[in-house]
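Presented sequentially are two complexes of chain A, the first with chain B as partner and the second with chain C.
So, the complex of A and B:
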């Protein structure tokens, strides 16, 4: 019986160590920075089609230091299980002019409402962004991309 | 946590006590005294080292506790204080402590009738408490109390929910800022801690969630979802 007790105690200690490590790892990945894999055509030529490993940081959007030109990770307003990578074009109060490539040559202008941002992919011809689903509430922003780690020939900071 | 007594420290202490009791110093005794002083410095350095190690251990313990506490509060459940007039009579004006759980919205098990915490689309630093009235695809009919008697009907787009406060006359909700993306939902309220003033308060949340059909449906006072009995609405 004592052997089982010791075994249980050992298992509990190992589990606790694992849980503690997991917690530290998780808090870092959620509140500081983490590597992320991004892929898709909507941010060409900035990000590759077949995939980049990018360092995302999770501090800027909490202290409100995001502005036009930042590449951000946003939870999609049309599919809450998906996170998309786009660039902020306008913040609240900005007047944004855009066009939809397949809808003729007409330009539209909107004023970004309070508490929202206007995001667009760098590749306007193959990107579903605010031109389709409108300005996105600021609360949906998950993080900001600031450094690219892979592929090694484009290692370096992202604008 | 417990420090093992360092045998070298004990020996050094004994040596020092022995050296201090000698009144006059000959040359070999002077050398011994210098050695003892050197060992004293070493002992102090080691004491600082141990202190630093102790501080680090305490900090790590605190960090681990904080991490566990934080992960629980963020992914499982946590008590929250809510106040304001927009959810009367369900929630009190002056404040309720509610248990919020953070599992349902991640697995997609939220539906009409749930009281949820939502990050406000107009102020990302604020979290509001409202009830889900319609999910994506639902047709929602509402009215704005101060804008006359006209009813409006919308279909909730994909990936969004329609939220409203229980107190329609004092609530800023989807009637003002439109349907809210599902990703802004932070958690779901499921339990209220015992409130001394209202003895039945802990039952009230469940009652209102599932008892909407028992209330008289007054068009212009409550919301009508598409599958409700429209005839009852017309007869008032």
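So, the complex of A and C:
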């Protein structure tokens, strides 16, 4: 009888330790930083086609310190299960001029509405971004990329 | 650390002759133990607070949390009476679950909590009227709008005082932060929040 009591207590302690580590892992990955794998052609030449391991931080977008030039992770407005990596070109109130390379090279100017940002990939010829789906609400931003870990020859902080 | 050996009368720690040894520990040790006990108590209290804070934050981020509903845009489902005397005490508090965010799979008539598209710090509670591909009729402009991929059309149950998709258009599903399943406060209004379909407003694709 006593053995079952001891066993239950041991199981409870182990579960609590596991819960503690799991919660620490969750809080770090959602509120501090985490490594992410990014791949695709839309951010060439900044990010490689075959894949980079990037450190993403989750502090800047919560305190509102994001501005033009930052590489951000955004939940796609076209498919909420996908997260895309693009660069912020304009914030609310900015006047953004863009062109669509495959649509007759026509130039358009748009004012970014309140609470939205305009994101574009560095590779304008192979990127689906705000030029296709319009300005995205600030609430869709998940994090900011600030450091590249892999491949080792381009180890370093991202502009 | 052994402070006394059986039979000895000299404390090994403070090196004084103490006739009470070895039956009672020396006074120098008692002082150190009580200091350590207080220090340990404070430290374990801090650790426990930190652990429970982390667990609470994780549970409210991943599984479910309780949110107060303010305003009357969802009357009579939430806040059926505007009771300005009691203020925020009489607000409905609802249970918001986050399991729906695994696949972003919603149904018509779900009540959801989402970040406002014009101010990401505000959260709104509305009902989903249209999912991607649906056609929504707006009687105001006599127009028919198709809900784009990855977006949804939300409206409040009280159309006269609700700021919803009729003003700011369809919202991306990525802005949704949870789905409301139950009302938990006040106690006389504890119930499950039902799905309500607006058949006259939308037609599936």
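Everything that follows uses one rule, which is that the second predicted complex is superposed on the first by the 159 of 159 C-alpha atoms of A that agree within 3 Å, B and C clash if a C-alpha of one lies under 4 Å from a C-alpha of the other, contacts with A are read in each partner's own complex, and residues count from 1 in each chain.
The rule is short, and it goes like this: a residue touches a chain if its C-beta (ideal position, glycine included) is under 8 Å from a C-beta of that chain, and two chains touch if they have at least 3 such contacts.
Because the structure is predicted, anything quoted here is derived from the model rather than measured.
Peer 1: Since both structures carry chain A, what do chain B and chain C do when superposed there: clash or fit?
Peer 2: Here chain B and chain C cannot both sit on chain A without a clash.
Peer 1: Mind working out whether A:51 is in touch with chain B, chain C, both or neither, as first, second, both or neither?
Peer 2: neither
Peer 1: Once the structures are superposed on A, label A:76 by its partner contacts, choosing first (chain B), second (chain C), both or neither.
Peer 2: both
Peer 1: Just chain B (first), just chain C (second), both, or neither: which does A:151 touch?
Peer 2: A:151 contacts neither chain B nor chain C.
Peer 1: After the superposition on A, what does A:68 contact: first (chain B), second (chain C), both or neither?
Peer 2: neither
Peer 1: One more residue to check, A:101. First (chain B), second (chain C), both or neither?
Peer 2: Neither chain B nor chain C is touched by A:101.
Peer 1: Do chain B and chain C touch any of the same residues on chain A, and if so, which?
Peer 2: 19-20, 23-24, 26-27, 75-80, 113-116, 136-140
Peer 1: Taking the touch rule as given, give the residues of chain A at its contact with chain C in the complex, in rising order.
Peer 2: 19-20, 22-24, 26-27, 30, 75-81, 113-116, 136-140
Peer 1: Using the touch definition from the top, list the residues of chain A that touch chain B in their complex.
Peer 2: 19-20, 23-24, 26-27, 75-80, 113-116, 136-140
Peer 1: Looking at the complex, which residues from chain B come into contact with chain A?
Peer 2: 63-64, 67-68, 70-71, 119-124, 157-160, 180-184
Peer 1: Under the stated contact criterion, what part of chain C meets chain A in this complex?
Peer 2: Touching chain A: residues 51, 54-55, 57-58, 61-62, 103-104, 115-120, 148-151, 171-176 of chain C.
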